[in-house]
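What follows is a group of structures, each given as structure tokens.
Across the two complexes that follow, chain A remains constant while its partner is chain B and subsequently chain C.
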Partner chain A sequence: MRADVVVVGAGPAALATAVRLAEAGRQVRVIARGNGFTHWGAGAVDALGRLGGERVERPLEAVGRLPEDHPYRLAGEAALRDGLDWFARFAAAAGLAHAGDPDRNRDQVTALGVLRPTCLLPEPAAGPLSGRVAVVNFEGFRDFSPALCAAGLRGAGVDAVPASVPLPPWDHARYFTAVELARAIDDDDFRRRLAPGLARAAAGADVVVVPAVLGVRGGHAPWADLQRLVGTPLVEAATAPPSIPGLRLFAAYRRRLDALGVGWQFGFPAVGVERDGDRVTAVRSEGASREVVTHCQELVLATGGVAGHGIEANRDGTLAEVVAGLPVEGFPDRTAFLGERFLGEHPLGAAGVRVDAELRPMNASGSPVHANVRCVGGLLAGHDPTVEGSREGVALATATRTAELLAPTPTPAT
Partner chain B sequence: MTPLLETDVVVAGGGVTGVAVLRDLALRGVNAVLVERFDLGTGTSGRWHGLLHSGARYAVRDQESARECIEENTVLRRIAPHTVEDVGGLFVLLPGDDEAYAGKFVEGCQASGIPTEELSAAEARRREPLLAPDVKLAFAVPDGGIDSWALLRSMAADAEARGSRVLVRHPVVGVERDGDRITAVRVHDQVAGEDRLIGCQWVVNAAGAWAGEIGRMAGVPIRMIAGKGVMVVMASRYVRGVVNACRKPADGDIIVPQHQVAILGTTSVQVDSPDDIAVPPADVDRMIDMCAQMVPSIASGRVLRAFAGSRPLYQPESEDGGGGDTREVSRTFTVLDHAGRDGLGNMLSIVGGKLTTCRQMAEALVDRLAERMGVTEPCRTATEVLPGADHGPHRLAAPLAGVERDGAYGELICECELVTRGQVRAAIADGLTELEDLRRKLRLGYGPCQAAFCAWRAAGMLSEGSGGDHLGGLERFLEERWRGQRATIWGDQARQALLNHAIYRGIFDLRGAGRPDEAAAAGLPRAEPVGGG
Partner chain C sequence: MLHVEQTADRCIKCNVCNTVCPVSAVTDLFPGPKYEGPQGQRFRAGIDTGDSPDHSLDYCSGCGLCTQACPEGVMVAEINQVARERLVTARGGLGLRDKLISRPSLMGRLARPVAPLANLLMAARPVRLAVEKAIGVHRAAAMPRFSGTTFRSWARHHRAPSDATRTVAYFHGCAVQEFEPEMGAAVVRVLERNRVRVTFPRQACCGLPLVSNGGFDAGRAAAVRLVGRLRAAADDPGVIVANSTSCGMTLKAKYRELLGMDDAATRAVSRAVYDICEYLLELADEDALDRSFAPLPAKALYHPPCQLMAHGVGTPALDLLAMVPGLEVERSRAGCCGTAGTYGTKVEKYQIAMDVGASLFEQVAQARPDFVVCDSETCRWHIAKATGLPVYHPVQVLDRAYQV
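Moving on to the complex of A and B:
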């Protein structure tokens, strides 16, 4: 195998980097172990939700208050703004329009009724919770409790009451998950049979909150159609994984990558690299029957931090970057990995590879380890995407910066 | 101070021994009240590896204990089959182990009445496929697993049905004495926040590792040694039955399969206080490395958590005290009648022993007490089966079979432990209002995912009943699950921890702000059901 650029990973940073590089004219190949934080996230675009525990209202403005080694400071505020703008255009073109403004955070409703700060929201999740809100579940779907969500919303000052609607008879296995329910709702006829019950449950309400399961293959169209049939604004609440909005986005990225001719090797992790001097010349990955070697001029690692499997946390407190063995600062012992409080902060969540201003991994003395390796997204040191609420923003900002750095050199006019 | 109530006997201590004493008294028609400082089984009874001893572990060095164990092993299978996993056990000889010890082991088992069967390496590996390939030979013994929480619940329910009372969250804070007799036990009602008196004729000190503290309040010296044992909970079972190393007992020489997990045990270190249940990370490493000699795949396995318990070891005043390794202290038990010993006329203590022999310990104590009280009813605890026994032996596959039978896949609230919506609903209807209570009753949240999905599903069900948001209870539950985990998190479990953090803090934006940790504020300990951790 051979490619100009190999991107390792399939999370928000890998997908955005691969698309942007391919759009810029590079020949790209993606190698991924499996799904990433599109599937495990909240289904929104977080830029900077919290700083020092306090809610951030203006994420771009707050970037200047971050430490100098934060990925936003390295990639630059302009890369964040450009990344968010690019994403909004990309998503809209893919039928997944997002609402929001890079200069102002907004609320995302969650299944617990807690309102979380985020930056861009898919339209089905973006409607304001004004007036009387009915929180409605589909009977038999166990990953959403309208009572819990409504109680949480009331705690946040929203006038919310719980309700539930029966699902029309449908062909599902002995039980069903969010994905199966979302696929059922993709079906036009199913939605027509579902709508009257939902309309009854919505009677008297100004807004209806439902779990984020309103179709998966059809993008936002099933949501828009059901909303029209019901006649009341429908707002999708974020649930625990898998994220259906994340699945919609992942599918959109896949379609775009296919259209751009990007090769894709999914389900086989990269396990090592080959080197020539300070350059990486190839990536080794598992294959169905034997190891696969993919030669490349540039390598982008978007494998995530410890949560994403890009870094292994060892029993002795050391950390290891899993593909190229890049330097990662470890801990004196494993008890330092995590904090006293589960809902507090954990040093391991912010562990990562330190990079220079061109996103190249650095050694302890601060010089690049490889001339042609870049790191993006959750793999980067200096930020905790969960605590800050910055996962998608860091992915997009560093993907944008990488696309600038690796854009093809213009051929000199002859 | 207001008198709370009057009774014939106050039993101090809500572990298996105290509850077994309460049941024994109830079966003999004696009116009794059990008082416990926290909840049933929060001490050593809930912090151990869950081994139903055959006695073989003591066959070489402590045959009195070995005989007690094999007798009670048979009795418990009869009266409490629903609490027993009848999985058998092996003692395996590895390269480097002393073959002469194996000879002594077989002789000791014979002398103690423990049946053994010698197995070739091939036969041992057929029965336990994950055993080390270099195992030399093995001996099969009638070890098993036992769920001490189920046993506690059954014994307490039986005693209460016969008129006994159980008062949890009522720590003993003192006694009222009139000359050489105790007239009342002073307890602190933690709910009402005030002290109360329980007037009584007799006092039974069944406080286990804490028996010395009850002794001090009553003015009688009881020398207990706190012998801490660290245990490690692995995320899957690895073994079909119990696996022991066939050598002098040492750290990391036993693997006990329990429900969905395996428990590795254990250290044996003398500590200053039975409340010292800290888990040094180095002990976790040693358990894993030693047990991996017997079952190599444990070395790369996923650790759920580690916990420690305190053995109730008793050192008679005539014997010399201690030093480091508490394995040398006998595991048998002793009834102390403080009348002759200390001139305190109406208190008896039961010290030493082990979970497997709890019924026999109660019998010995209550025989003595009955004699003193002039009660002539004989002990019936060895023959009267416990409530729930008609369910037959506990089998790992039973919950799955139930889910299959009922087609209840869509009703699973906790996939790891196969807890269904119906079970949660019934528990809520029984009056449980906290996730922590649901955990202890149903094992909700025990499995590898560490409550990533079931906690908020169950919070939703609580909310459907109460209309409340239960966010504070959810946060407390998550923090409670987190305690004591840090020594065991690396590798896959580190990924799980950060994924759970991404769900609860990241997606749901829970930060624990403004919701005080009431359990921590009240100083309550974390209860550890068997196999749970």
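Moving on to the complex of A and C:
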């Protein structure tokens, strides 16, 4: 196998990097151990939600206050702005228009009734929660409690009341999750039968919050249609995985990759590289019966941190980057393993690969380990995407920087 | 390496597998790979009664998309296949229908002397109705056409050119031998065009249909026999090409994963097997592929079969087809065409197979290609029946572009 650029990973950083490089004319191949963060996330584009324990209102402005080794400082503020702009255009062209701008954070409502700061929101999640809010679940959907969500919102000062509506008779009454429900809502007729009950539950409310299940195959069109039928603004709340907004986005990325001729293989992790001097010449990935070798000129690692399996912890307390064996920093001592809170500040969350200004992994003395390897997204040291709320922004900024470096725009002839 | 069932421990309950399952998307007879696989496994582990917590796992088509989507390395589809074997054993083994459809070479051999008559009969609606009633093969399911001659009889009369610079053994499998000898001839012509000498080691059914229907003991017997016959070819010439993506996948991985065959002979054979397009693309990477394809001004829709994606080599056919001038290729967005081997032929599963394939058939209807391209024979038969279009193996397209 052979490609100009191999991108390893399937999360926000990998998908954006692969598309941007292919759009710039590079021949790209994607290898991933499985699906990535799109399926787990809240379905919004976080740029910078928290800094020093405080909520950030102006993410782009706050970038200047980040440490110098933060991925945003390395990629540059311009790369973040350009990445967010590119994403907004890409998503809108795919029928997934987003609201928001990089200069001001917005609120995303979650299933717990928390208002989390984020930068760009898919339109179905973007409506303001003003006036009287009805929080409505679809009966039988177990991943959303309207009482819990409404209580959380009341705590945040929103006038919210819980309600639920029965589902029309359908084929999946026996077993369903967000996915089956979203597929049912893709169907015009199902929406028509669902709308009257939802309208009754919405009576007297200015806004209706529902779990993020309003269609998965038709982009945002099923949401817009149901909102029209109900006659009240509908706002999707982020729910537990699988993330329906993430599935919509993943499908859009894959369609784009297919249209650009980017080959991909999921389910078989990259496990090593071949080298010639300071260059990586090929990636080795698992295959059905023997390792598959994909030769490349450039390698982009978008494998994520510990949760994404880009980094693995060894029993002796050291950390290892799994594909190229790059040095990993940010994990001081095994006793630090015991954090106070699940997904709270934990040194593993910020562990990563240290890179230079061209996103090349560095060794302890600060020089690049490989001339043609770039690291993007959650794999990078110097940030904790979960705690600071920066995952998609770092993905897009570093994808943009990588595209600039590996596929420079040809200078017009003078 | 972990045993298939042990990988259930890696499950973090994220539901990603359920988002890609094409079967649970169209019927709630199958609740989804997460419930049947890693979750059901907790109730099976250590229970030696052979009973399973939920018999609906028989509705798993075995397409394997869940295993490929899982970010944690859970072998979801394989867990289900192992559990199905226990279910089948508890029922006293394969039923008559599953025994028959699991032995394509036997069916082909029986029908061969009367192939035209057999094809005429199998095209007759009353006959198909009777077959459906008698054994449970759906009246409308796609059936291969029996061939009056075999591939090996063609190969015996075939004169190989003398300019070869390398050699491969060809595992043609049952489908080429009994139903599609012309497919095998195309494989041989394309390889020989590239100065590859082709040998035809003695072979037999790989056992996949038996394994996927839950008949592991019979499948293992077939596997052991085939490994014995291919063992020498694994050393010399060292490369065994296969054009059936599902048989190739079985030889590469399923003997080890599902049948627990981890002996030296099986490992040697597994490592020697290449999908034909994988092999041709390796030739291209070494600049050893003849790229003088004649223009084929046509539009094709390429559907990579689910079993091809289980090889872990991506979609080599897309790279090869891109070398044919004038050929416009659109990639299928469907993960599975629905039939998944013999699954879609069963009376209780035919409609599920058609519903799973619906998104592919819709894409075909919208794209209006001149033909469809797909690497797997059962998928080709299913897609051809459902769309009414000719469906070719990628190598048949290359063969044509060499001959024009």
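Rule of thumb we're sticking to: the second predicted complex is superposed on the first by the 394 of 414 C-alpha atoms of A that agree within 3 Å, B and C clash if a C-alpha of one lies under 4 Å from a C-alpha of the other, contacts with A are read in each partner's own complex, and residues count from 1 in each chain.
Following the convention adopted for this analysis, a contact is a pair of C-beta atoms (placed from the backbone, for glycine too) under 8 Å apart; a residue touches a chain by one contact, two chains touch by 3 or more.
Model, not experiment: these values are computed from the prediction.
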Just from the overlay, do chain B and chain C fit on chain A, or is there a clash?
-> fit
State whether A:333 touches chain B only (first), chain C only (second), both chains, or neither.
-> first
Looking at the overlay, does A:309 come into contact with chain B only (first), chain C only (second), both, or neither?
-> both
Which of chain B and chain C A:247 touches, first, second, both or neither = second
Can A:33 be said to touch chain B (first), chain C (second), both, or neither?
-> second
Given the touch rule stated above, what does A:238 touch, chain B (first), chain C (second), both, or neither?
-> first
Chain B versus chain C as contact partner of A:278, first or second or both or neither = neither
Return first, second, both or neither, reflecting whether A:175 touches chain B, chain C, both chains, or no partner chain.
-> both
Thinking of the overlay built on chain A, is A:188 touched by chain B (first), by chain C (second), by both, or by neither?
-> neither
Given the touch rule stated above, what does A:267 touch, chain B (first), chain C (second), both, or neither?
-> second
Chosen between chain B and chain C, the partner touching more chain A residues is B
Once superposed, minimum distance in angstrom between C-alpha atoms of chain B and those of chain C?
-> 6
Of the residues on chain A, which ones does chain B touch that chain C also touches?
-> 40, 174-176, 241, 309
Note which residues of chain C are touching chain A in the complex, please.
-> 14-16, 18-20, 24-25, 27-28, 31-32, 35, 67-73, 249, 251-253, 256, 270-271, 273, 281-282, 285, 309-316, 318-319, 322, 331, 333
Where on chain B does chain A make contact in their complex?
-> 281, 285, 407, 409-413, 421, 452-453, 456-457, 459-461, 463-464, 467-471, 474-475, 478-479, 481-482, 485-487, 489-491, 494-495, 497-513
Touching chain C in the complex: which residues of chain A?
-> 1-2, 10, 29, 31, 33-36, 39-40, 171-177, 179-180, 183, 241-242, 247, 254-255, 258, 261, 263-269, 285-290, 292, 295, 308-309
Give every residue of chain A touching chain B within the complex, in rising order.
-> 37, 40-42, 49, 53, 110-117, 140, 142-145, 147-148, 151-152, 154-155, 174-176, 238-241, 305-307, 309, 312-315, 333-335, 337-338, 341-344, 346, 348-349, 385-387, 389, 391
